[in-house]
Amino acid sequence: MKKYISLLAAAGLAASPLLAQDAEWETEGLSDDAITIGVMGPFSGNASSYSKALIGMMAYYDKVNEEGGVHGRKLVAVQEDTACDSAKGLAAAKKLISQDEVFMLQGNSCSGVALALRPTIEEAGLPWIVAHAVSDSISDPLAANIFHGVPTGGANGRAMAAFVLSKPDTSNVAIIEHSNDWAHSYSNPAREYLEENGVAPSLELTMERGQTDATAQVLKLRQEKPDFIIAALYEAETAIFLRDLKKYGMGDIPVMGTAGTDLENTLKRTGDFDTVKNYYVIHSYVDNLDGPLMQPWGEMIHKYYPDEELSTFSFVSIGSAEALVSALEAVGPELTRSKLMAALEEVRDFDTGILSDPISWTADDHQGVKGSAVAGFVDGEPTVLKAWGQPY
Amino acid sequence: MSQIMPSARQRKMRTLLFWAVPAVLLLLPLATNPYTQFIANGMLVSVLVTLGFTLTIGNLGQLAFANTAFFGIGAYSSAILAAKLGVPWLLTIPLAGAFGALGGFLASAAALRGIRTYYLAIITLAFGELMRWAYLHAKPLTGGTDGMPMPRETLLGISLTDDTLKFYIFLAVTVLLVKATLNLMRSHFGRAVMAVRENEIATASLAIPTARVILATFMWSGFVVGCAGALFARHVGHVFPESFGMLHLIASFAMVLVGGLGSVLGAVLGAVLLTALPEYLRAFPGMEELFFGLIVAGVLVAMPMGLASLLRRVSPIFVERFYREAP
Amino acid sequence: MLMQLTLGGLSQGMIYALIALSLTVVYRSTTVVNFGHGDFVMAGAFLSYVLVVLAGVAFLPAAALAMIAMFVLGVMFNRGLIRPIRGGPHIGLALMCIAAGYLLRGIARMVWGREVLPMPPVFDMDPIFVGDLVITGDAVFIIGTVLVLLLLFFGLMALTDLGKMVQAVYQSPRGARLIGLNVDRFNDFSWGVGAALGALGGILVAPVSLLHPDLGASFLIKGFAAMTLGGFGSLGGAVLGGVLLGIAEQYAGAYLDTALIEITAYVVIVAVLFIRPQGLFGRKAVVKV
Amino acid sequence: MSTLLTVEGLSVRFSGLTALDDVSFTLEDGNVRAVIGPNGAGKSTLFNAISGYVTPTAGTVHLRGQELTRLTPHEIAEQGIRRTFQNGGLFPALTVLENVLTGLHAQTQGSFLDILLGRSKALKSEADNIHRARELLKLMSMDHMADTRAGDLSGGQQRIVEIVRTVASDPPVLLLDEPAVGLSPVARAQMMEIIHRLAGEKGVGILLIEHAVELVMAAADRILVMAAGARIAEGTPEEIREDRAVLEAYLGHS
């Protein structure tokens, strides 16, 4: 019986196209006028606001297509929903790979899903540009076909911690965060960086999603009197936390937030400048969201998706799409998957004009974006910063 | 009115049919691609989850929502045993079942203290959420929010990431557990379970130890769902706390109801149908909740005994009874 | 610090109290526990958002309109979906409530989908300082509104004929039928009141929190914990349970660990049911076998 | 004739209220002893105390000299005292055959593992029980209803199936709680017949709560009369008919 089962299993394997990495495989999903790209993302479910990143990215495809595509080929996005659920995400990836037979993958927002996908996609071997999820473990250890196109959690977390430590005489840092993987992807590397520099966090607090009050947390902070607070909280909770912080007379302590929030919306939510004047956020972009350098990108998204509301997520995946297009251009009309991956590894210091840091992929390192800027209020105006007191 | 019971010939047909289904399924991998194979594997996991759930909620009639907890316990025990202690995954399946049964023991402790109906529902909901909190915070053991990747492993020289290989293992486990559960339900134990649901006081008067029946049902349910958890760990290859939340609970609750409360056949039907449905709804992201709500409400109003009751009307072959006539 | 925590817990607890009360109103008259109630709370918040932000209605009339709409929705839900299966097992009723919740959530997601909606703050007021204690506008508004509503509710129950009739039905539903009360209409009414009160919980939360279609789930569990703590089925117990839960969360967070805030409700449920199943005011929750 | 059941000084008090006050009697095999008395006399409490559903505050219950007083209901049932319920104790969703089979639960062979694996030991025992259950149903001319849901039976049929289920395991003692209530005259006669046969042919000792006086007088060998939780009289039907205390306390009022 066992023998038959293994025979059948072998038959099943042979029938699957995964191992047949031949010429046909190299050009799967490719035609004379189209490159199909599987775009996975949380288009439904409780994390669906992240999918704005993929909308922005697909708007960029549309723009490229309107300008004639790449070597006469249009970028055709095949959307699949992951609902930010690992099983559903795996189904989406397998569908794109084996049923829709796309040429490559770009996208995915949720780190958990991306981690679950990695073995499957690594085995399938087609190129995947991770366009939103931040967890370092997605692209480290290196997988030949997986390219990280956004600052990873490690890069962001280190950037946060570096900014915190760039303020003179910072020695007492507290961390407040949600207990979910999103928050940990920021706080863990930040914590590491702090500890490497001899500053162990003095206080670790959690605040869960949906809490409308941070009294308990803030009163603990009042006893500790930190120099800086790192807050890995979503928008609503950030506003509540800052409000309570000011309420209890600690409005002067600077707070470092994540890329999940932005200054403009946080100000809007608290409705009070005094509350947010000492709030800093990771800001992966070259300009403020409504600044002159970002405006054309917003207009581009609205051109193809007129009803799309813009948020800080909307722009995050565009940079890697630009890098992809430049690699596709470099390969020339005789495109194959291997050639594309080789070309991606040649991308160096690629200035996207949207991300604050350039993209560089090498044969040994597929984590393309090594840092992030920070935004904070300077003289009442949202300003992109390199370090404490240093404009970008 | 007497029910039309299957004749001796029809009973033979039924046995034949029971074994014919997995036999035909052995050929399924020839007709699938990795995507559809993955979905088929997911269906088998769901069948076990639904089967375990319908035992406590349908047959025993207890409004207990701890099954997602059993599922998580199973998945995490499998992952921890495989990743931290190097136990071969195949061996972790019965062990995960044992841990699931332990979860069942805890849940039955509430029922045995006399906490019933809505109280039981609420306390078991709390049990599930406390477990999820534990997965999140017992970081050294569970990896916290990053979850636990399953270790790479091969079997018969084939990697355990291969969906076809997984399918045969899942199928074997599912057939075994479905068959064992059917044996259980069609015995004096199965009747005692139903008797407790129908009239617990009268049950005790028949020399049936009701407490032991409740305990054993919860533990078997925990065992089945715990095994399903071990399969799920391999199915996804990575165990996350978020897989064992309210959404999973509600989805499996719906599978039980749509298939037919307290019916083994219904558990299979409900699981297969409601695992497939979201895949057909992929073209409409975000509409899943609406469809789900409409389908469940529709089934509850129009067909309270679920799909299994439809089949029963088609042929007595599908009538499920709680005894087993000699062959 | 204790006072401050208590105040914070009180304002949070008032919301829980409202949700537990609305669950109890439905439970006492129909013996159905609305497992979809979290989504009714969410729907209330969304309706008020639509009226305030999209239709430009002022907050107070918008809140009133949203509550009326939710009353109607509650009645419709009872008539259309609960009544046809009322004789069936409570497992079916529980799932029907969940299904209704899913429908509401699905609609919310279809309309608002991927947006996170900020509600403009409605009770802008400078905080009051009493010694060390800081009293914010939010706290005043939430505690004040719920207090007024509770006074109104319990006043109506104690003093009016309608209230006395309701009490009588709670004592003996069979007796109520005998004296000619239209039980169907009474159930409709209870569902309506339950939905409207729950919606108010959502409306009060909306301006301090962010609106998203999933905001109801955590409130449902808090409501359950409050009911269990106060004693399942006791109106006053639900309110007191809610307030105590809110305060307990704050104390647990400040004196033990902030990670415990999230599970305080679950711990309360398990502890109460094992130690004192009847809660503070309820009847015994346990069946003897 | 030997003594089956010995009840001595059985008392039950709930928070100050005396529901059963120092009741003693014996029951011999093949005997039918009726318990009568007005509502609230303590008849049901007596049954519940004997069958373990209520824990007695004082007194003892022995079956063939073996003490059962503080055992749980299922243990007492296993020892051989089986009962029916006033409001009907059938399982409506199960068929008649399945209901009768539940009465044979303790007679079943095979461990949990045997059942799971479908081992022949368990299957054989199951087959034996099915055979026995069908025989019993045939005896009561109910075999044609074997596959009917118990919930679909008429009231009289339900009572009969409940008795079949209760006696399936051949218990020495049977407690029947108002077996004839709500039955038609024909069904009542049938019930009488069954009670007679159980006592006469099988030697079962039967304790019977019944309101229908003519049934009691016809069926019972001895009658125990209770009021306010206590025994007020005891004797043959003829003696009870003449007893002044009974006439005053019970029959006089009815």
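Per-chain residue numbering starts at 1, and chain names A, B, C and D are given in the order in which the chains are listed.
Basically, a residue touches a chain if its C-beta (ideal position, glycine included) is under 8 Å from a C-beta of that chain, and two chains touch if they have at least 3 such contacts.
Keep in mind that what you see is a predicted model, and the values were worked out from it rather than measured.
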| item | value |
| --- | --- |
| Reaching subunit C from subunit B through chains that touch each other, fewest steps | 1 |
| Set of chains whose contacts include both subunit D and subunit B | none |
| A-C or A-B - the one linked by more C-beta pairs in contact | A-B |
| Most centrally placed chain, judged by C-alpha centres | B |
| Relative to subunit B, chain with the most remote C-alpha centre | D |
| Euclidean distance of C-alpha centroids - subunit C vs subunit D, Å | 49 |
| Distance from subunit C to subunit A - Cα centre to Cα centre, in angstrom | 37 |
| Where subunit A and subunit D are represented by their mean Cα positions, the distance between them in whole Å | 73 |
| Where subunit B touches two or more other chains at once, by residue number | 137, 201, 204, 210, 286-288 |
| Residues of subunit C engaged with two or more neighbouring chains | 109, 113, 259, 262 |
| Chain-level touch network, classified as line, ring, star, complete or other | other |
| Contact pairs between chains, per stated definition | A-B, A-C, B-C, B-D |
| Touching residues on subunit B, where the partner in the complex is subunit D | 1-3, 5, 179-180, 183-184, 187-189, 191-192, 194-195, 197-199, 201-210, 216, 321-326 |
| Touching residues on subunit C, where the partner in the complex is subunit B | 27, 33, 35, 81, 84-85, 88-92, 94-96, 98-103, 105-107, 109-110, 113, 217, 221, 224-225, 228, 232, 259, 262-263, 265-267, 269-270, 273-274, 277, 285-289 |
| Subunit D residues touching subunit B - in the complex, by the definition given at the top | 51-53, 72-75, 77-78, 82-83, 85, 89-95, 97-98, 101-106, 108, 110, 112, 115-118, 122-123, 126-127, 129-130, 144-149, 152, 165-166, 169 |
| Complex contact set, residues of subunit B against subunit C | 57-58, 61, 63, 110, 113-119, 121-123, 125-127, 129-130, 133, 137, 200-201, 204, 210-211, 246, 250, 253-254, 257, 261, 286-294, 296-297, 300-301, 304 |
| Subunit A-touching residues of subunit C, taken from the complex the two chains share | 1, 4-5, 7-9, 11-12, 15, 109, 113-116, 118, 120-121, 124, 127, 134, 136, 205, 208-210, 212-215, 218-219, 249-251, 253-254, 257-259, 261-262 |
